[in-house]
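Each chain carries a letter (A, B, C and D) given by its place in the written order, and its residues are counted from 1.
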Amino acid sequence: MIPTILKDGKFGKMSPTPPTENASNIASLLLSCPDQVGIIAALANFFAERDLNISRYAEYTDDGQFFSRLEWPMNDRWDDEAAFAEEFSGLADTYNATFEARFMNRCQSVGLFVSKQPHALIEMLNKYEANYFPNIEISFIVGNDESMQKLADRHGLPFFYIATDVDTLEYEKKQLEIIHRYKPDYVGLARYMKILSANFIDNAGCPIINIHHSFLPSFVGAKPYQMAYDRGVKLIGATSHFVTADLDQGPIIEQDVARVAPGASVQDMIKMGRDIEQKVFARAMLKVLEHKAIVFRNRTIIFN
Amino acid sequence: MIPTILKDGKFGKMSPTPPTENASNIASLLLSCPDQVGIIAALANFFAERDLNISRYAEYTDDGQFFSRLEWPMNDRWDDEAAFAEEFSGLADTYNATFEARFMNRCQSVGLFVSKQPHALIEMLNKYEANYFPNIEISFIVGNDESMQKLADRHGLPFFYIATDVDTLEYEKKQLEIIHRYKPDYVGLARYMKILSANFIDNAGCPIINIHHSFLPSFVGAKPYQMAYDRGVKLIGATSHFVTADLDQGPIIEQDVARVAPGASVQDMIKMGRDIEQKVFARAMLKVLEHKAIVFRNRTIIFN
Amino acid sequence: MIPTILKDGKFGKMSPTPPTENASNIASLLLSCPDQVGIIAALANFFAERDLNISRYAEYTDDGQFFSRLEWPMNDRWDDEAAFAEEFSGLADTYNATFEARFMNRCQSVGLFVSKQPHALIEMLNKYEANYFPNIEISFIVGNDESMQKLADRHGLPFFYIATDVDTLEYEKKQLEIIHRYKPDYVGLARYMKILSANFIDNAGCPIINIHHSFLPSFVGAKPYQMAYDRGVKLIGATSHFVTADLDQGPIIEQDVARVAPGASVQDMIKMGRDIEQKVFARAMLKVLEHKAIVFRNRTIIFN
Amino acid sequence: MIPTILKDGKFGKMSPTPPTENASNIASLLLSCPDQVGIIAALANFFAERDLNISRYAEYTDDGQFFSRLEWPMNDRWDDEAAFAEEFSGLADTYNATFEARFMNRCQSVGLFVSKQPHALIEMLNKYEANYFPNIEISFIVGNDESMQKLADRHGLPFFYIATDVDTLEYEKKQLEIIHRYKPDYVGLARYMKILSANFIDNAGCPIINIHHSFLPSFVGAKPYQMAYDRGVKLIGATSHFVTADLDQGPIIEQDVARVAPGASVQDMIKMGRDIEQKVFARAMLKVLEHKAIVFRNRTIIFN
């Protein structure tokens, strides 16, 4: 499932978790529609008429499509995102717009998947602890290697070990059970080294964000550092993207690269690559959790 | 003179040059005011009521101050920037805003100053020829080294050699005569290695943009690469800024850096530094000429 | 022809051009052999025994292969590279090494090919004029668009217009005639937009260096910026590589990237891409002309 | 104490810790002397005569001084660094060279100091756990804020809380007691926010590495992000350097920068700055622990 912005609030679930100290009094709106005269005025008026100050506004026009994001300090006008959506949908219909509101006082829930390599998970846990992300809760960690248990324990988070040495259908069923129990807003694949089936992606009920250890579209699939070495590239990179049924083909959220030193081995690349991977993954998760990503035609618009 | 945005169009001069092929049908508005409820709606409505489509909009709030830039496709409603300013000033007064409009069909004029090192000038001339900049005309080049004549000749531009081996007052007077004759919208110092007096800056009648060959505020003044070498920095940089009476202290428009190789000499730094300097200078000039720079409290807001 | 280092000096041609002011008194040696005990000592002794100071030395070991580059200030011991090669070949044979010496007092000749886009050519010409490169001569420019004539004229260089609206065999024959007349040490493709045939590459008699407007191996072939836009990458890049018969598959010399702004169009990418392309191309040409590139198994070792 | 390379092995202490799985069979040599003919041959012969393969060699010449680093796979010829130094000192004297050998099978000991901000410490601990560093042991953590205890506990490391609300002499005495008990090879200041006295530095008995949260020499001292904001720089940075008695003036080991988004507040800079600080600090510690840093005239030569 790609997190394109939906016309009506999709937020059936309200997390039972009490807002953390990071909870914020801000609401945000993502909106996308065909570019046309008056859309900005219509948006601005909607808020001005309700005496709400738009505290932050940004927009881009790309290929005839208009994308905007705005923030306002919440008051008690709307109880939740669904209430906002009801009141806003008239305007949206007029402009043939899709939109998604987020009330930041609602704690978002995140589930993380990991395999054997801990670095992307460690980065997420440390940044979570350091309040790098907005009002979120990491609700659970799923791993196919038992060694990750101790990382979860350190941070007091539930860890579910699900062996993947069985039939895909079987272990994905177990994974989906966890997901359906916690109903996370997002799942992050923190170097999870199993391909997810289309069925899993369809049934997860939330967007899934992956970190791939190459500068996509170069080096899709397994062993990208070996491929990068063999091709002799002078920069290696990492790519975080929304997961779709096509392997490593989903909309890209963030990428970065680093220069390869002369004489560097594949092992050297793997080692320095870890820093790029975890940095790119954390930045992409931040953008998604700050409600700054719109997907459109397999590309993303990422707001500052 | 710092190009803070002015309440009334400052553009007494309309360049006699016919619009080039780069001329555009776009107008832009820079606006700054204390942050307050309703300012975006007021702006949006101003244009919507006149049936004008805001084709691009961006804003930032910084330290309680609101900064925005917007573009609209021009029609024949306003003959020039002064006519727009007259109609817009009521709204601006209401919000205690300063603003500056620019009609891109008006060709902006640029004068360039250069000393002995040609690289920043060459970059400007080539990018000018390649239509990298919007609707501009490089009107003249002033140099204190005769060797620059041939560069001006290649591009068919007037070159004025003004020796600086005399009293500052004397050669600055000659320089001001050139400036007052051409009335450029901007003067760019493309590695001009003389300090300009406060009197010169006050009387130029237009913003002056400099490229300094260090990552300011490190290494103010002469021989920054030698200072960088002596301090053993691992990155060297360049800084383009608006010129004020305080040497290398004006509002920064753009900066960039590059890594120093181990064992690099001062000469190596100077050589690789040239690429950074000319790149940073061209980018800064582009931002200014695209009408994307606001100065506020000795800092700039630069729009994408 | 890939410029792997050859066992005997391949330099039949001595440029008739008198050494320029950039001519240097330095000789360099590139050497590659299976890694083994004593190779560094053998190299060092060869020079020490002849009372020559190795003024610069670097080496890398990669996948069991040893690569080194060293410089020494020339004296009159050897008249030319062939004389050096004769004396050095005994040591090289002992270690099963390939090598290539270069005497920098010999002016290297470079030919440039260009199509309609001038930016990479302009960068080369300006850096040539600024003595950015070591002791070289740009001997000729070949173009398939007449508009490039004026750039060649500015710099007083011979320009050969060869229309490519005919059979490949036909225009490549004309191109080869130019190359065989000038016998350049290197040919640089400064955004030359025709695919060279295997026959042409085999018969050029010198290495050919290309600049491709993408971060290879992503986006091989035509319209890479459109492909980059469609895929939604967050960084665009350029790649300079030695040309082989496989399109865009030759050994990579240099790459770099730049970040794409949100909302950037294909045109925006093309515009900002030019800066990366010309920078990467000039850097790659510099590395080759400074005798700092070794090709091994379709990869390069580039020395600092 | 600046870790310039010493003529005789300074390593009175041999860590009692058994070598970890990261222990390596490599020895390295750093050497510095006035540049002269034959030094490379002398070095190479020293090892070739003892049938030792130089597996890695690099050198730079800077301002008339020669710097080199080499590695060889250890055998049982020398029991320890002191034994090597005794045999090598004759050659070193001949060339007026200073040198330092390191046997990587000896576990190096590192002590870390921290204040209230945990990010640089967390990065060190995680990279330590991930075997990012060579054969080292983090022996102890000293902090002036009790909240860091839990981080030390997680990783099973001794934590010493030393309050700094007393006289400098007093708490530095306690800190020195810890240092003299553990005799670390290096002390890293992982965002330790107290100025160390000259007396402390002199008596620590090992090099001290600091991370400063600005791109030095810009913004020395306290509140560098506020200063960066006020000056309006477009890039912020971090600098890791050896500590000397002059605040933030010691030899720079590593620096890096990141771009400031338009409208970024001081808080935004602090948040994004953390990532740069911890990355730069870890890289600098890696270079020092890999025995790749030579100090010369308040600058460093850092080997790849």
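To be clear about the criterion, a contact is a pair of C-beta atoms (placed from the backbone, for glycine too) under 8 Å apart; a residue touches a chain by one contact, two chains touch by 3 or more.
All values derive from a computational prediction rather than experimental measurement.
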item: Shortest contact path, chain A to chain C, counted in steps; value: 1
item: Chain whose mean Cα position lies farthest from chain B; value: D
item: Whole-Å gap between the CA centroids of chain A and chain B; value: 38
item: Between chain D and chain A, distance of the C-alpha-averaged centres to the nearest whole Å; value: 37
item: For chain B, residues contacting two or more additional chains; value: 61, 262-263, 304
item: Footprint of chain D on chain B - complex, ascending; value: 60-63, 67, 215-219, 230-235, 237, 251-257, 262-263, 265, 298-304
item: Residue ranges of chain D in contact with chain A within the complex; value: 118-119, 122, 126, 130, 132, 154, 261-263, 271, 274-275, 279, 304
item: Touch list for chain C against partner chain D, complex; value: 35-38, 40-45, 47-48, 51-59, 61
